[in-house]
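Going in written order, the chains are labelled A, B, C and D, and every chain counts its residues from 1.
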């Protein structure tokens, strides 16, 4: 067996040299980054396809996003990416204090980013610019956003803290949504636990399990099961017209989709003073919340990893010879910034 | 340190009894123990999936209700599919056999990231718990594909099951990631990429797909759960979504996933055919490159699952690309055949499974031609022809190779020999039962019997009865296999170091191996140079006598043209 | 750079000049991205935004993540994942685009029902 | 390029032609394109059988000829044989390209409906097919003429289904939110099964109906007689058909079982206690009113959720329903 004298503590027993361990760690981390890129590829593909199918929705809806906040967020993430790169450099030179300082600066960048995101989410939540059946664009009627909240304004107490963002909806919203038994409105029975997508962060470093937090939170969704069945049958009965005139093409869908014979209400008023308001605007906000929500989860996971590395730096685990964890966490943080570099123009700067 | 004495008992501790107690197993970082833990857990999943299959086949014995009603039947075939695919066949060969064999074949002490390897097993267990809980609480009835909008509107436990599969996806990613880094960074001196056993090429190609395809399944299931729990409206048309988009997302992962299943099986078969006919593999470069070519092509063909829903342009593109995947598989089959030529073939259990693989995978591959051609696929899509095709490829391919691999490496894993005669009988039973069950389903399919039908019109009745009878024969074969394998653990004859005369590195350490694998890192030789060992009639072992021809660096040569070594 | 001497661990140390340079370039490019949107170039806006974002991304990957000094296998892994992303989006788009005419415009019954719009 | 493939196809055709046109493993060929699909299927079948038999014979020969005698003997060191490897790559490649081309050509005939095809609208829903003919008549069985190509314009109201008619070798998904087309040129009069081929829940295997191919000229006569089926059918029968067609069975049972709406068993002529306390005899006028303006009179103990059927049912329909209710005494 290779004698143990030149086998330092941080070198795994199955590695022969430090170089081999470092290269393995690097390749392993980059493979993990490849999986993250492909994870976001799914969202970018959904974005591309929905933008191709509903260009007018994207052009109309993106004005509700605050370009300035988006721009500031981009700058915040780029600078925190820079401080992270400097921290990695300092760690490689074995300068403990400088590394710890720069890591703290990077964490601050993350906090800033999430704070701005919280502001943006709260604004969207207040104006009902949400996804699926929760979309209530009442501003469209009054032209100017926000001088008075809709009849069911939410007094979401948005603790500016970056971690647990608890936005609660009052009972009235749930009751109102519940009785119009549109099938497929799966989520509106969930309890107020149905907070914005970025639930509490309990991810081990690097692997975000927060999605499984989703599962426990939406256990209540199972209760909606019974309601689902009833609505599924109710929408199942045929809507063809017996005898008399043949069914016009578009009539087929119209008839099928409004069994209760409700006449389609008049088109909502002039939208936001910016041209005709297309229908299905909720699609844009569905994609917006999914993309920025999942990215937010990754920012939180990244900050968790940086805190773990910061603690180990202060504990003196690293030296000029061994600082691989700082390097690898740095790679993860740069990837999170990389994804935002693409998200910012695609969501905020649509023409 | 005393080496293993050949009178059967080893003074030295092996990895099985090195540390006593369950806790040492549950917190082990030893790739061999993790491989054995994986083996036990996926065999439990295989047993569960098998029972569900028997229930499905029994229900189809007669038209109308035989033992269960429609809803339960839908849950049965969904769970059979989901458990067999996500819990058994995807982790299957890579995690159970791969974890055990890969570091040994590299002469290494362990995989690159041992802790990540253990985390991968615990993620499998967590995913399995989610799946089993969802089975009990309100089993999913959407089919293993969870197609929307049915999966977003049904009241069964879709969120639980999809979360389970999401977690299993991570388990698969970490195994793949571990293998890619290990093969790149932990190869011994003298083992260049072209002197690596073909089993490692198979595992390498599989690992690439596991790492690069599984994340898309992750995002697909995350979006499905977001749609169900929060009503986001990506895939459900009633919320403005597009159900065909779900199918694109799902199959972008799931077609590469079927190559995650078959590539390790091909790796095992390359080893078995060469070792048990004691002849160097024919076309080493062709087989190695075919594995990587299949991994690459697997990403561009997913559209052939949706020929009845896509546009003619999309169908044309995907039909043409699909045929590109059939070529590397055909090339491999011909190479295995050429390896048998002028070999010294031993018809023991691993070899019987390898030959059965060539037979069954041949049928599976060729029936793929009908499904790649557009005109015939329109008639055959979503019928029992498809069920027969993928069972011939997945069962006839991966499970048969898995059984061959288990028998081949059993002496090395547990230091015991299995009962050869019982093994041959069990192989025959499984082979016959399988063909009775699934060849009839080809005919059911061409006659137009759709998939996932609880009740069917009377013209299909006799074929279904024949198929169900076949599945019972197969079940008997499996119980027999389980019987003699478990019996061999307790009362099996002690295994020697190298019972088959294989030339790869894992056969140059004790059976079962010591905890850190090798006393000193062995020098790599050409994996199919059988002149490195000689048969010792007294002990029945092939003693290692060193490479016949050595180059100036002392590395074994044995591979013509590769005189220069790196 | 003098401080390279004591460094004995693996991995390349990036000189601060390169890091600061990259930071400045990223900030400038971000400004350009926003500036371009003030001019309405129709279809090209999207492509210009994507090109600038790709340039910024390459800068981050090459210098901040020091791919420039890493082993080639790392680069291959990164580029392969990008190829797969392009393949995935490209092929899905061709089909969804072809199927366009079959779609019922603005079909979302559950949403129209509950929001009455 | 096109010519070359067609040449190869003709050669292969001669080889395959003598097999019986009607095979046991294929459903009857009831449409013009079925013959081509079956021919391509047989072509691929014979190619596969040839290669498979070749492989199995070689394998068995090698096993028998090269059985182990001396455990130490090692086979000859044949590493590779480039010419052999090139041939067994090129030949499958060529065959596969031909199969793709034939498959694609056959598919284009299946996929693109001719301009003058007769159009029928189809609604697929959870576990029932509804066919709406140009004259507005709606039926659960597909009637098609045998002398003209027919196009089905299909959509679904809930989940994905798939229209599958094995006898025509035709299959297309039926999706909510989209109109998909399937076309065929039926040639053999008769009835053939019609399946749902995309899993859609509990009743997926019950979502079966029939395609009835009428002989030449018979289709028009059937159409006229079917148009006023309410008049031609016995009133009770027509009432029952309306009961299921309009979805009354969703809320009103005919067996006395409780439902969202009052049961029809023993309803006609009985005293009905209203929510506002008054009682009305359930006669023709009450039934007519509760169909056209359901909100006017609400029976005690039920919610006002019944939709109006104004404009969706005519007087003869209402009369048929009343006749059906009478038959439920």
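By definition in this document, a contact is a pair of C-beta atoms (placed from the backbone, for glycine too) under 8 Å apart; a residue touches a chain by one contact, two chains touch by 3 or more.
Protein names from UniProt, one per chain: B = Cytochrome c oxidase subunit 1; C = Cytochrome C oxidase subunit IV family protein.
Source: prediction; values computed, not measured.
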Would you kindly say which chain has the C-alpha centre located farthest from the C-alpha centre of chain A? D
Pair exhibiting more inter-chain C-beta contacts, B-C or B-D: B-D
Just to be sure I understand: the centre of a chain is the mean of its C-alpha atoms, right? Then which chain's centre is nearest the mean of all of them? B
Using mean CA coordinates as chain centres, what's the chain B-chain D distance in Å? 36
Report the inter-chain centroid distance for chain C and chain D in whole angstrom, where each centroid is the mean of the CA atoms. 46
Cα centroid separation between chain A and chain D, in whole Å? 41
Junction residues of chain C, two or more chains touched: 73, 80-81, 84, 88, 92, 96, 99, 103-104, 106-111
Set of chain A residues in contact with two or more other chains: 23, 27, 31, 34, 38, 41-42, 45, 49, 53, 132-133, 182-185, 188, 232, 235, 253, 256-257, 280, 282
At least two partner chains per residue is the criterion; list those residues in chain B. 149, 153-154, 184, 212, 216, 233, 236-240, 242, 244-245, 248, 312
Chain C touches which residues of chain A in the complex? 18-19, 22-23, 26-27, 30-31, 33-34, 37-38, 41-42, 44-45, 48-49, 52-53, 67, 71, 74-75, 78-79, 81-82, 84-86, 89, 92-94, 132-133, 135-137, 177, 180, 182-185, 188, 235, 250, 253, 256-258, 264-265, 267-268, 278-280, 282, 319-324, 327, 330-331, 334-335, 337-338, 341-342, 344-346, 349, 351
Along chain B, where are the residues that touch chain D in the complex? 70-71, 74, 141-143, 147, 149-150, 153-154, 237-238, 242-244, 277-280, 282-286, 308-309, 312, 315-316, 319-320, 323, 326-327, 330-331, 333-335, 337-338, 340-347, 355, 358-359, 362-363, 366-367, 369-370, 372-379, 381-383, 442-443, 446-448, 450-457, 501, 530-531, 534-535, 559-560
What part of chain A is in contact with chain B in the complex they form? 1, 12-14, 20, 23-24, 27-28, 31-32, 34-36, 38-43, 45-46, 49, 53, 131-134, 182-188, 190, 194, 197, 207, 209, 211-212, 214-215, 217-218, 221-222, 225-226, 228-229, 232, 280, 282-283, 286-287, 289-290, 294
Over in the complex, which chain B residues touch chain A? Could you list them? 103, 108-114, 116, 130, 137-138, 149, 152-157, 159-160, 163, 166-167, 170, 173, 177-178, 180-181, 184-186, 211-216, 218-220, 222-223, 225-234, 236, 238-242, 245, 248-249, 516, 520
Spell out the residues on chain D that touch chain C in their complex, using ranges where they run on. 155, 176-180
